[in-house]
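Once you scroll down, you'll see the structures, which are given as structure tokens.
Both of the next two complexes hold chain A, though its partner changes from chain B to chain C.
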Partner chain A sequence: MSQNTIATLLKMPNLWQRLKRSHLIHSFKKDKVAIASFTILMLFVGAAILAPLLAPFDPYDPSTIDIMDSELPPVWQEESEGKFLLGTDAQGRDLLSTMLYGMRTSLLIGICAVLLQCFLGVVVGLCAGYFGGRIDSFLMRIADIQLSFSTLMVAIVVLAVFQASFGAELYSKLALIMLILVIGIAEWPQYARTIRASVLAEKHKEYVDAARVMGFRNSRIMLHHILPNTLSPLLVISTVQIANAIISEASLSFLGLGMPVSQPSLGSLIASGFEYIFSGSWWISAIPGIVLVVLVMVINLLGDWLRDALNPKLYKD
Partner chain B sequence: MIAFLIKRLFQAAIVMFVISLLSFSIQDNLGDPLRELVGQSVSEADRLALREELGLNDSFLTQYLRFAGKAIQGDLGTSYFFKEPALEVILKKLPATLELVFAATLLIIVISIPVGVFSAIKPASIFSKAVMGISLIGISVPVFLTAIMSIYIFSVELGWLPSFGRGVTEHVIGSWETGLFNLDGLLHLLLPSISLASIMLPLFIRLIRAEMMEVLQSDYIKFAWAKGLSPTRIWFMHALKNTLLPVITVGGVQIGTMVAYTILTETVFQWPGMGFLFLEAVNRVDTPLIVAYLIVVGAIFVITNTIVDLIYGLVNPTVKLVGEK
Partner chain C sequence: MSFLQVNNLEVTFNLRNNPLKALQSISFDLERGERLGIVGESGAGKSVVAFAILNLISRPGKITAGEVLLDGQDLSKLSSKEMRKIRGNKVAMIFQDPMMTLNPVFTIGDQMIECLKAHRKISKANAKKIAVQKLKQVQIPSPETRIDQYPHELSGGMKQRIIIAIALLMDPALIIADEPTTALDVTIQAEIMELLLELCESNHVALILITHDLGVVSHVTQKTIVMYAGRIIEQGPTNEIINDAQHPYTQGLINALPQQTLPGEKLNQIRGTMPSLQDIPTGCAFNPRCDFILDVCTQLRPAFTQSGGCSVACHMVQAMKDAEKGQDAYE
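Take a look at the complex of A and B:
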């Protein structure tokens, strides 16, 4: 095993060279939209990771928050005080800092939830596709039924029931984990179906037969031989799924079933600003809203590009 | 066809059974019905006696069977807050939600078919490119954000449209009150239905466009051109017909999704429908109402899915109705 790892490490520079010359990078360099979306996404991710360093204030520290500063508009408005670049929210928190931290939460939930979906979906999809027969029809029937219920509906109901039984106090502490679990579990059929379809296409190819003739165990054939060949559809749906997970998280938080106001994600920040829209404080909702839309849009654009790049047979739309 | 129908109905029954089981276990674990009934003042011994009398000490199975028996007769318990049968409370709110979904569906059909068809026929035109660009933005905007921003622009800033509620409603039949037949009600319906439609529109426009483009490449369309049929006839009689098949399938699934999105739209616009009621019930831990909502929405999902499957079988003669073996 350790020899294997060393061998892989030695091959790494080679791999990098291969990647640099690959079709994927080539098409990336040609596509201006993809480059722009990738840059914006990296800026967002970077800002989210470095939020504690970049943010001018700490929104989680109540001692720095002054209620007298609440609902101050951004600097380009007339009544602004200039201390807060994008204004403040209803509790007097600096909107820019709160948003940086909020983006962190949103991205964290989105990515973790998709990792969970991916894990569950890959396990189920591989088993269903590889073993076929009864197992396949049973697992896919469950997937069909779960897909026939909207995932958002399932998430709302599950979270609502948990909130009602835990009480709001305890729930707000568990919200992060609950959101990841619920969004993660609700969407696994998407992955399972995609993987199953690819496994069915790969299963009868010669290299799988060869591996079977050589007497490899089923688990080895599934994980080492078939799985690597299903990676491109996996990558494509992962981008879309991350975008969807971020939107789902925002929607759930908006309904008050997600992140608490003390640790807002982008969705709960938009929700907290909604009440103040009628008094003209549009920025509390609008600015995090724009950030959310841009974030989701660049991920979607990258997904579109990836789909076209990895599947040249597909017509462009 | 009949075998398929029976199979689908059987599956629907199983799904409803699972939903009722889940709902019941929620009811079993959420809150204490005794406390809702008698409050704090009753002695411990009386409580135990009452527990026995109400059958709360029976096994899970006995309790479930009792629940299911009542549920089949339409008795889902009494709402703690409204002090009325939970099912009645839900059904009273159902028309408001259905009107919202109906208006949004109408908007989607009226807009997405012509726009989708046009952008498939003339993919290079500026209009088509603009549609594709806007639809990409549309996919990325969450429905509640569309709703909030439309309130800000049209209600707060411009003051053209009302921002919440259903406005004046008229009595139709039974508990059905509608806002569809007067101007005030329609004005109130406008923003919520546009918001709700906005989440599905991009999806349908893209779907119709992609399917239509594929159909236009096929041989029978080329043959129709060669026969010299008029373009309108080819586009709308020959091509559109086959485009609509996948649209029906996706549409059926999306109706269920729309019910989920009504929760968001109704919350923003304080639309007095089922979704708004459900969130209120959650905040009040009104268990019978939560359970009733789950069962009603579960039934809506199961019914729409079954109907869509049946329609699909009728419209598409190549679908194998009995199993895929």
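Take a look at the complex of A and C:
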């Protein structure tokens, strides 16, 4: 090795180089399942983000929809039309375009709901774990109460009451925000519990004492010293929670309480095709169903990999 | 007026409505640039003294009596905001385990700069300059590279040097070192102690050194306090305490040093263990382990007796002094 390379190695590597050499990337490169999952997920996310560019039709534009095109099968079947690659749904919308837009909605709801969960859970969990005592008991009892209602039950009650009292029209406008709020609020205790447990373990470490001795404020110690040390469980649970949120949204839409038919998510697409399954139009439910399953599965597989990669006890090499 | 004056300090831990006194009637003082050692077994309350000075006793503990005067300012009565200005600024602390004291997710530089910015209005570039300079002071080789490294990239001795550098960042007037060398290799221990001593001398910083190691105390400090079960039992100039210990407990500690025993012989240990705070014996707390026990020892708590430059809380010492006085009077 020349003297020059040693000198460059000794120099402070920038963030990207540090990331490239990190254990996380190393273990990612060795895990074929993780690479495959990540590729599929990126394809899905990319397709969802670029939906307006990729989709051959705009499912939100009623002028492009012709009811005469309804229930056309995918191209590889007889009676199909070439321009609808994956066939059409009961209203004559191109299934491929509708799914691209639907995946957008599903991912948006999943990610935003998890961000909300994460925010609420981290604030509550940090306070409970750091201050302890009565504050801890109070906050964690609230979390227990919240946990004792299942997400779907809370969501069904809230959304049904909202729909009944404000009418379906207002609901269809606010459906996206309502779903994010409901799923976000129903699931924060998962985060709060995880964070609290990590904070309890971290707060008795000497670096926290050292930070107090240096005269830092409580808020600074909590956010700047303890929180970064609890990030790995947070990342792992986030992947699981995104998958869960997407499933919750799909279930609610399937039950007719989620996204309205005019702005379909994957769940409401599956639901809208359900009535036609027995008349032979299986593709309306089945294709979005497969996409949903694959999407949730790759997120969960990535979560599994992340959990192993971030666990120092599982270092293999 | 001394620089640091601790008067009758008492710390109580309220456990299930059962108050335990972790510290009682702790009084001592310290001049600027003076070095004080606090010794005693585990559980004697040495670290509690350190945290009480910084007013950082965590619940359910509380300072229930007494005062800590730093430059005449009572620290136990300051608001938490005013107290934060003292911590890390006027008084710094060094902990036992350097592996745990640095935050594992930040670089050395980040942690030093954060400390400087918390106490002073200072630009990041200037803060970094000061940090590098302090790292040089603690003899870290190539500080400009080290400053961008994470704690796990450094050895234990190196980390403890960095912790000392962080303690020195704000040019404190007092450093409290809580067993600063316990977690280190024996070969590194002496180096770190030497460095700490040198820095305290050159910067005229007062030092409170909490340790098990009487050898270190005799080498570094000018004054020594011996603690047992939350009380001071003997205090005075270090050389007097080491060479002519009065209290049976201090004698026991000194006799337990390996240097006091010939090779192949068993070490002299003090029999028994320190009582838990819940059942401290009446009278002198040390009486069940003491070889020179008198009748009064189980009934009355001994008061301090002056013996040379030391004050000792022991009935036997008091009796001997009284006898001497009686003899003097008789002659």
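In the analysis below, the second predicted complex is superposed on the first by the 299 of 317 C-alpha atoms of A that agree within 3 Å, B and C clash if a C-alpha of one lies under 4 Å from a C-alpha of the other, contacts with A are read in each partner's own complex, and residues count from 1 in each chain.
The criterion applied here is as follows: a contact is a pair of C-beta atoms (placed from the backbone, for glycine too) under 8 Å apart; a residue touches a chain by one contact, two chains touch by 3 or more.
For clarity, every value in this text was computed on a predicted model and none was experimentally measured.
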Clash or fit, chain B versus chain C on superposed chain A: fit
Touched partner set for A:A201, first chain B, second chain C, both or neither: neither
Touched partner set for A:A164, first chain B, second chain C, both or neither: first
First, second, both or neither for A:I185, with chain B first and chain C second: neither
Touching partner for A:S285 - first (chain B), second (chain C), both, neither: first
Touching partner for A:I111 - first (chain B), second (chain C), both, neither: neither
Touched partner set for A:V213, first chain B, second chain C, both or neither: second
Touched partner set for A:I145, first chain B, second chain C, both or neither: first
Touching partner for A:V261 - first (chain B), second (chain C), both, neither: neither
Chain C versus chain B, contacts on chain A by residue: B
Shortest span in Å between Cα atoms of chain B and of chain C, once chain A is used as the common reference: 9
Contact set on chain A toward chain C in their complex: 10-12, 132-133, 205-207, 209-217, 220, 224-225, 228-229, 231
Of all residues in chain A, those that touch chain B in their complex: 145, 147-150, 152-153, 156-157, 160-161, 163-165, 243, 247, 250-251, 254-256, 267, 270-271, 274, 277-278, 280, 282, 285-286, 289, 292-293, 296-297, 300-301, 304, 315, 317
Touch list for chain B against partner chain A, complex: 15, 26, 29-31, 132, 136-137, 139-145, 148-149, 151-152, 156, 163, 206, 209-210, 213, 253, 256-257, 259-261, 263-264, 267-268, 278-279, 282, 285, 287, 290, 294, 297-298, 301, 305
Touching residues on chain C, where the partner in the complex is chain A: 54, 56, 59, 83-89, 92-93, 95-97, 100-106, 114-115, 118-119, 145, 148, 163, 166
